[in-house]
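Letters A, B, C, D, E, F, G and H mark the chains in the order given here, with residues in each chain numbered from 1 onward.
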Amino acid sequence: MARTFMKGSEAVAEAAVRAGCRFFAGYPITPQNEVPEYFSRRLPEVGGTFIQGESEVASINMVYGAASAGVRAMTSSSSPGIALKSEGISYCAAARIPMVYANFARGGPGVGSIQPAQMDYFEATKAAGNGGFQMIVLAPSTVQEAVDLTVKAFELADRDRNPVHILADGVIATMMEPVELPEMMPEEKVKEIKDSKRKWACVGHPLDYKNRAWIEPGHWLTSRQQECNEEAAALYETWKKNDVMVEEYKVEDAEIILTAYGISGRIAKSSVDILRSKGIKVGLIRPITLNPFPTESFEKLDYSKVKAILDVEMSIPAQYATDVEAVVRKRCPVEKCLCSGGNVMSREAVLEAVMKIAGQEA
Amino acid sequence: MARTFMKGSEAVAEAAVRAGCRFFAGYPITPQNEVPEYFSRRLPEVGGTFIQGESEVASINMVYGAASAGVRAMTSSSSPGIALKSEGISYCAAARIPMVYANFARGGPGVGSIQPAQMDYFEATKAAGNGGFQMIVLAPSTVQEAVDLTVKAFELADRDRNPVHILADGVIATMMEPVELPEMMPEEKVKEIKDSKRKWACVGHPLDYKNRAWIEPGHWLTSRQQECNEEAAALYETWKKNDVMVEEYKVEDAEIILTAYGISGRIAKSSVDILRSKGIKVGLIRPITLNPFPTESFEKLDYSKVKAILDVEMSIPAQYATDVEAVVRKRCPVEKCLCSGGNVMSREAVLEAVMKIAGQEA
Amino acid sequence: MAKFKVSVVAERCKSCGYCIKYCPKNVLEIGTEVNAKGYEYVVAARTEDCVGCLSCGRVCPDGAIEIYKEGE
Amino acid sequence: MAKFKVSVVAERCKSCGYCIKYCPKNVLEIGTEVNAKGYEYVVAARTEDCVGCLSCGRVCPDGAIEIYKEGE
Amino acid sequence: METNLCVAGFGGQGVMTLGKFLASATCDSTDKNVTFFPSYGAEQRGGTANCYVVISDEMIGAPLGDVMDDLIVMNGPSLNKFIGTLKSGGRLFINSSIVKDKIERDDVEIVEAPVTELALEMGNAKVLNVIMLGVYVGYTEVVAPEIVWGTVEHKLSSKPKLLPLNKAAFDKGLEIGRAARK
Amino acid sequence: METNLCVAGFGGQGVMTLGKFLASATCDSTDKNVTFFPSYGAEQRGGTANCYVVISDEMIGAPLGDVMDDLIVMNGPSLNKFIGTLKSGGRLFINSSIVKDKIERDDVEIVEAPVTELALEMGNAKVLNVIMLGVYVGYTEVVAPEIVWGTVEHKLSSKPKLLPLNKAAFDKGLEIGRAARK
Amino acid sequence: MAELLYSRTKTIQEDKVSGFCPGCMHSTVMKLIGEVIDEMGIVDKTAAVLGIGCCGLQMDYMAYDNTTAPHGRACAVATGLKRANPDTIYYTYQGDGDLASIGLAETMSAANRGENFTVIFVNNGIYGMTGGQLAPTTLFGMKASTAPKGRIAEEHGYPMHVCETLNQLTAPQYLVRTSCNNPGNVLKTKQAIKKAFEYQIAGKGFSLVEIVTSCPTNWGLDSLKALDFLEENMLKEYPLGVIRDRG
Amino acid sequence: MAELLYSRTKTIQEDKVSGFCPGCMHSTVMKLIGEVIDEMGIVDKTAAVLGIGCCGLQMDYMAYDNTTAPHGRACAVATGLKRANPDTIYYTYQGDGDLASIGLAETMSAANRGENFTVIFVNNGIYGMTGGQLAPTTLFGMKASTAPKGRIAEEHGYPMHVCETLNQLTAPQYLVRTSCNNPGNVLKTKQAIKKAFEYQIAGKGFSLVEIVTSCPTNWGLDSLKALDFLEENMLKEYPLGVIRDRG
């Protein structure tokens, strides 16, 4: 397949269209302006709809609407805009609406900076809105992976009738890389998918209230609400078994394990061989799904051999590290190599941190 | 001191006024409508300002404004409304604005139910908005404690120049209980506090741009942004040492430890003596601060004696339990006694869960 | 002249009184029985006076009123 | 008659041309030098023609222009 | 000792007020712990309204228990809804004016009072809850009647005109309650 | 082998385009890994603009390194800002028309080209970036010149009128670059 | 043989009783909508986007498709639904707090875009579901639980006129204010709703039917007194009539 | 001895150069505000609430108190500041996206409450900072990065007229539209800003000065061509003048 040289944000948008996404609503925010811009050109070409919502709040609710009609729909934003969408996301999760939303995160908190960061990890994995719901969270580390995971996201969303979250960052959004795009989904297939949702979609049904579509983002009966919570919790459990994705690189004999996701994961990975060439036995665990968390990758380590785990993360205070610590259970130290606020992780910093652990000079 | 029989929501509002709060903006939402309602009557009496914002988003930003002028200010809401405020909260944290906000949580996700729940634990403790900031999170289990923690919240907020979060629930909001209210803060003191913030408050300063007030919820310079993140992270570290509050009840010889916060903590506590009277050695760890987490209470347990820890929580899936598991590190099982969606934890369920662990019939 | 019949579905009525107010023929009145929701529901005390104007049905928020035209 | 002087703070000018457009006396023109921001800043080529109308100062977005009235 | 009471009826029957008066009086006059917990649905009116009062010498856990010591039932639907929560040996107070169903349990004490009729007889349908309050206090003496009346008096102090009627209603209830106790 | 290049200058000098042409050409013609990463400030215009290109046989880690192999500097402020990132033995390409500062380092290769003047001479100030692209490719041969030109040609295909000028500019640059190499 | 002249519309679930308060005209309005879509024969291709407020009491009372939008966001949700699925007839159903306070931006922006759906706006001058808080449409002299002295111009400003404000925008096609205070106005409301739906079916764009109603419970009046208050006060502030009809 | 007749206001940090694009009238407007507060002698009791957009480029360029509100929420933040601290003079400074798209509810609600602060509204018909996306005020025939074919009535609706819409509300005191396209209009803008501040100082309530400007960068024109476009197109759609002056 041919490589195309594409910007991450545009590649994600193109991948979505090819995966059958026919609706996008979003609001401009750096560093992902090219996502709505690309959709605004591309969707009309395939009979889809692009709307620039009047705000992030409106946009997520437009997606809630479009997806409630059975259409594959998506929104994206960056950190503060994602926070604004949190009530809407929670509604999607409560009503079990399949949709995809992407965060090309930037420095925070608040308006923060417009440069790349990984400071929304907890928000993505633990509390994307009120009420303790969960989503599968996918964390691409290259433009290619962003493309592949976008396609996957739509599949998972439909499979589970649940929103799926892509947690990327400003680097993935703005960098250009060679990428292989997926095949365009045939129109019949797009239609077939929409039709398959007709049963529950708010599109009108013959008058028979037991079989009408009733999309409920809440329940007045607390017993019913709890039932829904239990069903959702059961779904989340299945992910742990079926949906973990993780890249393990030279972990077998490693004495120092780097662990990082997304853009940091990639930077960390590129350090592994450099360090090995210096005789340091380093490996990498890079979660591709942040939720479900790749627990097994850490559980199966031989902690009599592993000297330390190094969390590489563009967030201060560290966030992902907390989940790593929880699974490592003090069986070895978890060290941290951090930056934040829009600064991109430097490979030198990673090398240095590892050297320090290895007790060597850089 | 005289006991007054008061509704939780009103007691919190009165406590805030007595602690010098002179500004409240909020938007109605069950089960905490009495908070704004009470403030709307009470604040004008003391020269303060009540505003019903046009939305939660507007309300949190009004509080961001009022607190930026140096006034003790507060907002409150319930779950979906708290989600809407998340961007604004993040701004307050980024700009280091002292303010207090309370969540009287209800069943979720989405619009959920209007009945009490504890399903916003992660949101409160891990990701109240974008950017990985933190707040001290206080979890009252009685109306009296809600009153006392409200006063404390304003002190902590000013001490740290950081928002403080009260995570309560619909039971605390709507129940009535006898309560002792704090003394009314004298007007001079209220003024003194405001004046002490003049230096940084947006109230106008003589033309000298190095000493002007410049309240920044973000930084274009990523280096400056990272510096602020580091300062904040350092602040959060101090909490772990200085600010943990926890109730431990009959823990010393306990073989089964109940652990729960807020309303569940109270229900769990009332089970302890009942169970002890049946010869089961039960104790309770009830965090009063959810952040900082009472790590030490779990670390110091003698795990050769403790048979199990029972998490009692009004959330499905469990949330608080995750933090308990992280600190217990599999040194004993962490069992769960859960309900959600607006159902209030029943003491019978707790008793039964403990009996089961103890291997006895209820 | 056509004859009409008015009947009130007791469980739906909330005793708001709109139908009584707008009935030009004073057909309806608050009854003495209470329904499951605790409301003293309206009864068509003088159904024979009904002229079929439908006013009561229209203003009844809860659709409690049924109006029939009797066959010739 | 009073005399006026116009001077342009080179580093502030962004070469937008507003001052040139609105100067009734054609006092200003785009210069040939580039400032630190990369703009070919305006110079007051014919400052002696200035009539002190302040038009250039007013329309200059960046406050690059200073206008003086020469002492008698 | 902990007493769990549930008061249930139609919205508009003043069940919340009843519970609040009782809880408030306990707070004012004793150093017992006491909680009042209202249970609301989404609807502003209609359906059943109910509240819980817990009075205890110990700390109170849940302000709403699963098992009730006492149950006051003001209408038919509430009887069906709550009868199952009453513990064996518990006390059931019934508005016998409108609760006509047969009570299926024989393991509980039953106190009947036609409070709707009585209130109407007294000229104001609204005092049915104060009558029932009297019945409950008269029967259980969970708090001294004077104290409870003192609280009612205090709460109604802004509407002094209503006092005599309420006093009469409360006394009427007390009388019934006391009579039933013997 | 990994090459890290930083291109820096004023907004409006086409530094982003320069970087993109180069990266794109690499993608089109080789199976190397290549990334292009633009660095934006909050301002839409003004100040310095810069971008990073990484070309590598291995997988690429960060699309912006801390240490540059090559540095193209189109104006004075950029020189000051980035000269410190250039590795010892690195290659520095300078728009000598406007960068007049003395270069304080003697551990790097320096290629000077008066691209602003040359562009003006060619009648269009805007082609200075294409000249510099030629210089860079001519000197480094990181990608074959024909390939790079092919990419430029393709990107400009919607404006065929501009092609001859750009071709001339590119060739001019190539010539300078090749000359400097010898 | 008796002929049924009038009975509750089949678009309401046969076995249900509404949760609205006695005299609440939400109940009237939702009944009318049901009658309209029944008469137009479009019930199988109609779906409601309910706001959050007392209107939510109808979600399991009505018998056809519906969803609930986050409070204030019904117009955004309907925008998504309608654009993704233009063949279905969508209407939003919103109270004054939902539409004109928290949802003001969504309402106005959808109106400004001329979205092709219908807004049913029930203006009862107060927040019903949450217990009588001040709404943008609360009148002077009307007490609210968050405005104990009632609306004060200096503090709360003036009652908001939604139709008139929307009339400033170019795109809306049909803006009308009706009431349900008497049988005649009930009929007019029904006709207005019908017309709005017809506009939508014809693809004409945004229409809004504002219905001035009472909230006896939170006005603290019984149904009939509330009716009087509505006629004497609400209709003075919010005069009925067609504000715009692009025809 | 030379007398200084005109120079950059002292309310701008002496050693700084603004980050605005060449010809951007944000720069003019913020200069004018500075001149006004300087001349009125209120710089030590004035604070700005900046929206998010290119206006943010002034936060470390101006020399007096300011904060940045979340995008669109400047009117809410200013409400909090002013109510909590009535003695300070507050103004918000917002672009069209900030004020009329994401912040529409906050803007209109503050105006409707008659909050006693001043809104400076810079209408350049586009999203500046984020790179030229469609704004509520984008004209027909103006391309935007999210509307590749420009504004289409059926899809995007019509350009929004903020002053006229606010004029539907009762509370606002002063609503005016000016521009900075020539020296005379610059002066008028300055006078309008001054008047608005005077209203605030007198406690009269809400005032808004809409300033029609260009965004050369995102209009894709050089400064002077953008000036022409502004005069030929923007001022046609947005005629200058006083919309309301309660005096």
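General observations
What we mean here is this: contacts are C-beta pairs under 8 Å (C-beta built on N, C-alpha and C of every residue); 3 or more make two chains touch, one makes a residue touch a chain.
The model shown is predicted, which means the values in this text are computed figures rather than measured ones.
Counting hops only between chains that touch, chain B reaches chain G in a minimum of 1. Common neighbours of chain D and chain F under the contact rule above are H. When the C-beta contacts at A-H and at B-H are tallied, the pair with the greater total is B-H. Centroid analysis (C-alpha atoms only) places C farthest from chain A. A straight line joining the Cα centres of chain G and chain H is 35 Å long. Computed from the mean C-alpha positions, the centre of chain A lies at a distance of 54 Å from the centre of chain D. Once the centre of each chain is set as its mean CA position, chain C and chain H turn out to be 60 Å apart.
A separation of 87 Å divides the Cα centre of chain C from that of chain F.
With touch defined as above, residues shared between interfaces to two or more other chains in chain D number as follows: 14, 37, 39. For chain A, residues that reach two or more other chains under the stated contact definition are 30, 54-55, 57, 80, 87, 91, 95, 110-111, 114, 217-218, 220. The set of chain G residues that touch two or more partner chains comprises 20-22, 68, 70, 101-102, 104-105, 109, 129, 131, 136. Pairs of chains meeting the touch criterion: A-B, A-F, A-G, A-H, B-E, B-G, B-H, C-E, C-G, D-F, D-H, E-G, F-H, G-H.
Residues of chain G that touch chain H in their complex: 101-105, 108-109, 112-114, 136, 153-158, 160-161, 164-165, 167-171. Note for the complex: chain B touches chain H at residues 22-23, 25, 49, 51, 53-55, 57-59, 61-71, 73, 87-88, 91, 95, 201-209, 212-218.
Interface residues of chain G, counted against chain E in their complex, comprise 19-22, 54, 56-57, 128-129, 131, 217-218.
Residues 57, 79-80, 82-84, 86-87, 90-91, 93-95, 105, 107-115, 119-123, 126-134, 217-230, 232-233, 236, 315-317, 319, 322, 325-326, 329-330, 339-343 of chain A are the ones touching chain B in the complex. Residue ranges on chain G touching chain B, taken from their complex, read 52, 68, 70-72, 97, 101-102, 104, 127, 129-131, 133-134, 136, 145-148.
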